[in-house]
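Each of the next two complexes has subunit A plus one other chain: subunit B in the first, subunit C in the second.
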Partner chain A sequence: MSVEQFQDRNVGKQNYVTVDIEDYPVTGMDKFRRVCRRTFRGELFVGLWVVLREMFKFDIHTVQYPKEKLPLGPRYRAIHQMQRLWESGTERCIGCGLCEKICISDCIRMDTRIDENSRKEVTQYSINLGRCIFCGYCAEVCPELAIVHGGEYENASEQRAHFTLYEDMLTPVDDAIAQKQKEFPGFGAITPYEDERVTKTPLAY
Partner chain B sequence: MDVAFIIETIIKIVVLLLVFSALAGFGTYFERKVLAFMQRRLGPMHVGPYGLLQIAADGVKLFTKEDIIPQNVVAPIFKIAPVITAATAFMAAAAIPFVPEFTLFGYTVRPIISDVNIGVLYVVGVMAIGLYGPLLGGMASANKWSLISAARAASVFISYEVVTGLALLAPIMLVGSLSLIDMNNYQSDGWMIWSQPVAFILFVIATFAETGRTPFHLIANDHEIIDGFGTEYSGMRWGLFFIGEYANMFFISFVTALIFLGGFGDGSLLGALALLGKVAFLFFFFLWTRAAWPDVRPDQLMWLCWKVLMPIAILNIVVTGFIVMF
Partner chain C sequence: MGTITITIDGQKIATKEGEFLLNAARANGIFIPAICYLTRCSPTLACRICLVEADGKQVYACNAKAKEGMEIVTSTDNIDRERRAIMEVYDVNHPLQCGVCDQSGECELQNYTLELGVDAQSYAIKDVERSAIDWGHIHYDPGLCIVCERCVTVCKDMIGDTSLKTVPRGSDPLDTGYKETMPKDAYAMWNKLNKSVIGLTSGEAMLDCTSCGECAAVCPVGALVDTEFMYKSNAWELTQIPATCGHCSAGCQLSYDVKHESIANSDDKIYRVMNEWNYVSLCGAGRYGFDYENRGATRDEVAFAKALAAFEQADTIRFSSTITNEEALILQRLKEQRGYRLINSEAKSFQDFLACYSSLSGTALYGSDLKETHQANFVISVGTALKSDNPNARYAFNNAMKMNKGAGLYFHPVADPVIEGLGKNVMSIYHAPLQEEAVLYLILDLFADKEALPKTIIDYLENFHSKKMVSVTESVKEAVIEKVTKIVVDDETGEENEVIEEIKKMVAKTVEKEVEVETNALLDMLGAPENFNEMLAKFLKKAETFSLIVGPDCYTHPNAKNIARLCALIEKYSAFKLVMIPTLTNTLGVSLICDLDDDAGNYTIGYNAEGDFTLSALGEGDLDMPALNQQEGTLTSINKRVNPTNAALGYDGYELNDLANALGLECELTIDYTQQLPTDRGFRAETFDALPNHYTNDGVEVRGYLLENKGVKIEDDEHIDEIDTTLALPEGAIVYLVNPVRQFTAFTNKAEQLHTNGGLYMSETYLSDSDFDEGDTVTVSTSLGEVNVTVISDNKIGGAIACLPTFDSKINSEALFSGYRFTSASIKKV
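Here is the complex of A and B:
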């Protein structure tokens, strides 16, 4: 089939192939013929062969979850993390409040004050995970790449708040200075080696 | 009737009960594994190596769960129904020779509890009673799904039983005996499946209806009527239904192998192993079809049994009769 055929929107001109559906049997003899045909065509054995083949191929797709884990895509939005600056290790958050403002489920709350060096300092930062819908707007809007989404998706606990203690979200100082902190590629990030995996879309248009 | 005979019989009964209760448990494991492999899954993996201790975990769960008798059920019938299924399954095993005779410490053991001269009739009859379990349990449950299941059990019951009996009649005419040991010995010069292929196919179809396995899994079809008659059951009462179903599968596999597939042959060790191999294949076939085939509707099963299989079975008997006579 060529592209022109699909671009032609005049229905009825294209040489579509109709699916061959046989007529429903009317007379008793027709029904009997159909039963005989279906009985002796051996379709049941085709089914048996297919499942037996799969059993011997042993091409198992199970991921044994707690032992094995699938890799996450870079765009995955799990529990938030607060990042630090690479070398100094100071917190990136400047207390601008944009994340609090943009949050569409109103789950971020922050308190700031002016510290003795006349710099803005974050005194309180909390995310109510009971309301968070993990839309990712906070990470997108953050001018300092301070609040990002991490990859921790195993969030079963006695309290949701356990995951959003500010100290736990914050990258440890040592990791930041040792440059072990992982950056969040964020929206539009491309899966690694995606170029090799992309194939042509099967549709002609 | 001397004491030795009574002791021997009791020991045989206990061994049979223990072995086949355990096999019923292993049967669930095999079923889950085989179905999983055919569907590209792994099946139970976590309890024990390769999930082998899953049976123990299931057993502990079934034994320790609370036995709930819901409101509005007909309690006496509700309580007795699972016992009927399990008990009749094991009672039917009384006339089945599981392995040929063997000598243990100079004592000849006949591994059949009672070689009654109406063996086949007894086995088929008692197994048929097993379907009263789903029927009574479903009707006593005060649950609409269970009631539908009971109605289906009745429809299955009146359908397959005719086919089982008529299909077995032709081999019985050839052998001239109803004892399963005579059936086995008759096949020393050729398996029954070659002289009675039609009866074999009919009987296999009927066994699927009898054990309620997948092409005819109407009585407890999970995706239509939850667990059918088992919906209201819990704990070991439900477990008894399960043991009965799986024991039934094993026993009917033994019967099929003994009547049609040569049984244990001449009674040597090789013959005994061959019988166990045949039974294993037939059991695997039960699981295999569950992975491969769709279910039929209850009315289709009745149509199949009454309008297709029964005429074929009668024709088969007539033809066999002519051959036997002339």
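Here is the complex of A and C:
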């Protein structure tokens, strides 16, 4: 599925099917009838038959997780990643603290300082995954597309902190320089046709 | 000035005649946007955004004065256009990296840009290079600066350093087309803005001022920030704890901005101090000396048991005045119950001084406060190194000079370039030590109502007056006729003729004259400048409200009792309103609550003071105590106000109340004592939690409560002693016991940003005139003892008096002094 399909919200053009749901029984007699119908219809054996049939067909659709994995939608929100700039490999995070502010479960903390070049530097950054509800606000608010949600959803571990050290979330610098870093098309990414919506600031140059 | 009624946007409000419209609106909850205006300072007219329409005419609300029946409209189509254009201009070339700006979240540029709905830019100009500059404790980024000049204004009108000014920006002129197309005021404002940025008055690379940091506090954008705070934390992450500064007697309201220390350590840490800069101005100690807490104290049961044993053994408690009223009351209760002697020499001398003053004035406390000094237009300061003893008193002094076109006299032995820099309307009289009595006599002589004064005093004052003949050399202009021979060429004949011309010339001649002059021996005693009388006459032309500041030199003066009585007489018989500077943070509170003793016993417990067993909030004693930023309680300020302060940081150790409870007093919390403070001394029986701590929009101080100035029985005898003319310091170098600016006690010195090593401070002229050099180790010895200290050059003092500080606990400077803050000593190189 592509983003375009998600953006097409013209309900009615697609082939939707209305599910036929019968009315609930009201009187005691109706309820008794339904019980009898369901009990003696032999639906249990229908199910058993399907299983038996498929077993002999050897054409199983079950995803063989963890050997197989389903592709994720672009807006899927799994463990966060910190991105780097293309080419230079500099960290994108400027330490503005907006993610820390917007986080509704209050699980982001950062330490900043002034570095040798008089720039704001993030010395520590942590997300408490025990509290994170993966709402995606941090990625949405980030002005630099620095914090994004990745596709790493397998977060079973002895320590949740294993996922959220700044170094672990950060794209390795080699990958960034080699342009292997994936851009995030989900929350917070620039929407299409942005150029047309922006009023340009006049310049005197 | 009477109360008048004006109408703002249809709302009738009552205000004072001559009040600025902006202040009148603010006091009544009506919003008028304004950026450059600072309450208590003069209007700058830089931003012009406070435009309003008064009686159909556009005026600036910050400098237009209210008149009876004025009709004001705060918003018209034209005003809205102007305001929108002004905000667009402010946004021209302003960086959009709010994410890395320390002001983000509390930025007035952000706020007003949103408030006025600026969503697009119509103006442009080529930017010039504006790179960030490090000025020492302040960091200036001209790229962010909107040149509202609030920093310049506060430094001049409030602080008095005048360290900042506007300097040329070097930018291209504005596009001429804008003059026609832009709203008028926005264009004028931009035209001015485009020509300037902020620079240092001194022209040097680093700020050399009294380092109060008020400029960074008032900066509406992130242009001026405290260097230490840069990029440490976003404003919205900090929790503001309202408190009262614990360093000096001014008792300024401030908030400690607290956040967890780091990701790894979730203990609270104070990141900065903020203040309501429209109504209270902090000094450098209050602003930067915030991290003096007693870290890492635990409930050490062994030490506690030892402390209890020590209390059993002790007969004396020695303590400093950097404690809360509640703790002072605990000590007093301990005295009442267990008979300890309470020793606090500095508070004792103030207490005695107040008692002597009361016996004549009939009131327990001096009649005025610094608020009235702010409003006065003739201020005299006696017996205090104003900038060190109470910086707020200095701000009040300066503010009165600048805002009320006032004048002031500064009597002190130590020359002070900072006071001299306050303006031409301040005369400094550097008298010899011990002459404070003569100063007060002089004030009595010059300003007291001679008809009301007791006869004996008038007669005594008359003694000082005499007439003598003085030969004065005057320059007189005289007309002199000179004969000059000139050669004139006749036009017709071409012949040269000699013509003698007479020319009248005015020639200055010096003439000696004998003139009868009235002399005042008091002026000679004080070494007043020769033109004292002329200057004073000039100063007094506009003087209407008078304020007298009396400082700690007087309390320890050998004739302190007489000085106190003189103060009472001046207050009674002249227009002067009197304010005394309590020596330390809560000296006034201690002197009201505790019955202090003169002599110590055999075994002393020291609370933040020396003793055989010491309780210390500095963490150096036998048992840890909480520092003032770790405690709740109240402090009594110079303004006779009982101010509440809150605990900004946690504290896990024992406090004085725990000891008191173990010794038989019963109160669960220290603040349970707040309502028990002695009402017969002017305190109120109010619970701590009922005490407010804020300012309202019209600048009313809603903090704690004011002490009631109780009446005291008056002695009928208004006798005062004559000046002891024999009183003089013995021969030798003079040393003054005073701290440099930004230091008060060992607590200020504990703060990371203020920490320094004390020494013997000498002025630059002293150093060049003597054979001492900066960095020399010298021995200062008096009859009482000697200390070895390093010589430090201090350009904030002048003259030939060296200064020894008390803030450095490594230097036992107080041991050299017998009480009075000046002593003669011998200074020798080691």
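Throughout what follows, the second predicted complex is superposed on the first by the 128 of 205 C-alpha atoms of A that agree within 3 Å, B and C clash if a C-alpha of one lies under 4 Å from a C-alpha of the other, contacts with A are read in each partner's own complex, and residues count from 1 in each chain.
We adopt the following convention: a residue touches a chain if its C-beta (ideal position, glycine included) is under 8 Å from a C-beta of that chain, and two chains touch if they have at least 3 such contacts.
What you are looking at is a predicted structure, and each value in this text was computed from that prediction instead of being measured.
In the superposition on chain A, contact of A:D174 is made with neither subunit B nor subunit C. Counting the residues of subunit A that each partner touches, subunit B and subunit C differ, and the larger count belongs to C.
Residue contacts after overlaying the shared chain place A:E87 against neither subunit B nor subunit C. In the superposition on chain A, A:Q64 makes contact with subunit B only, not with subunit C.
By the touch criterion defined above, A:D23 reaches neither subunit B nor subunit C. Contact with subunit C, but none with subunit B, is seen for A:R109 once the two complexes are overlaid on the shared chain. Once chain A of one complex is fitted onto chain A of the other, the partner contacts of A:R119 are limited to subunit C, with no touch recorded for subunit B. Of the two partner chains placed by the overlay, only subunit B lies in contact with A:E54; subunit C stays clear of it.
Judged by the touch definition given at the top, the superposed model places A:L98 against subunit C, while subunit B stays out of reach. Overlap of the subunit B and subunit C contact sets on subunit A: empty, with no shared residue.
Here subunit A touches subunit C in the complex through residues 94-98, 100-101, 109-114, 118-121, 124-126, 143-144, 199, 201-205, going by the rule given at the top. On the side of subunit A, the complex with subunit B involves touching residues 35, 44, 47-48, 50-52, 54-55, 58-62, 64. Those residues of subunit B whose C-beta lies close enough to touch subunit A in the complex are 34, 37-42, 45, 288-289, 291-293, 308. Within the complex formed with subunit A, the residues of subunit C that make contact are 97-100, 104, 119-126, 132, 175, 230-234, 236-237, 260, 262-264.
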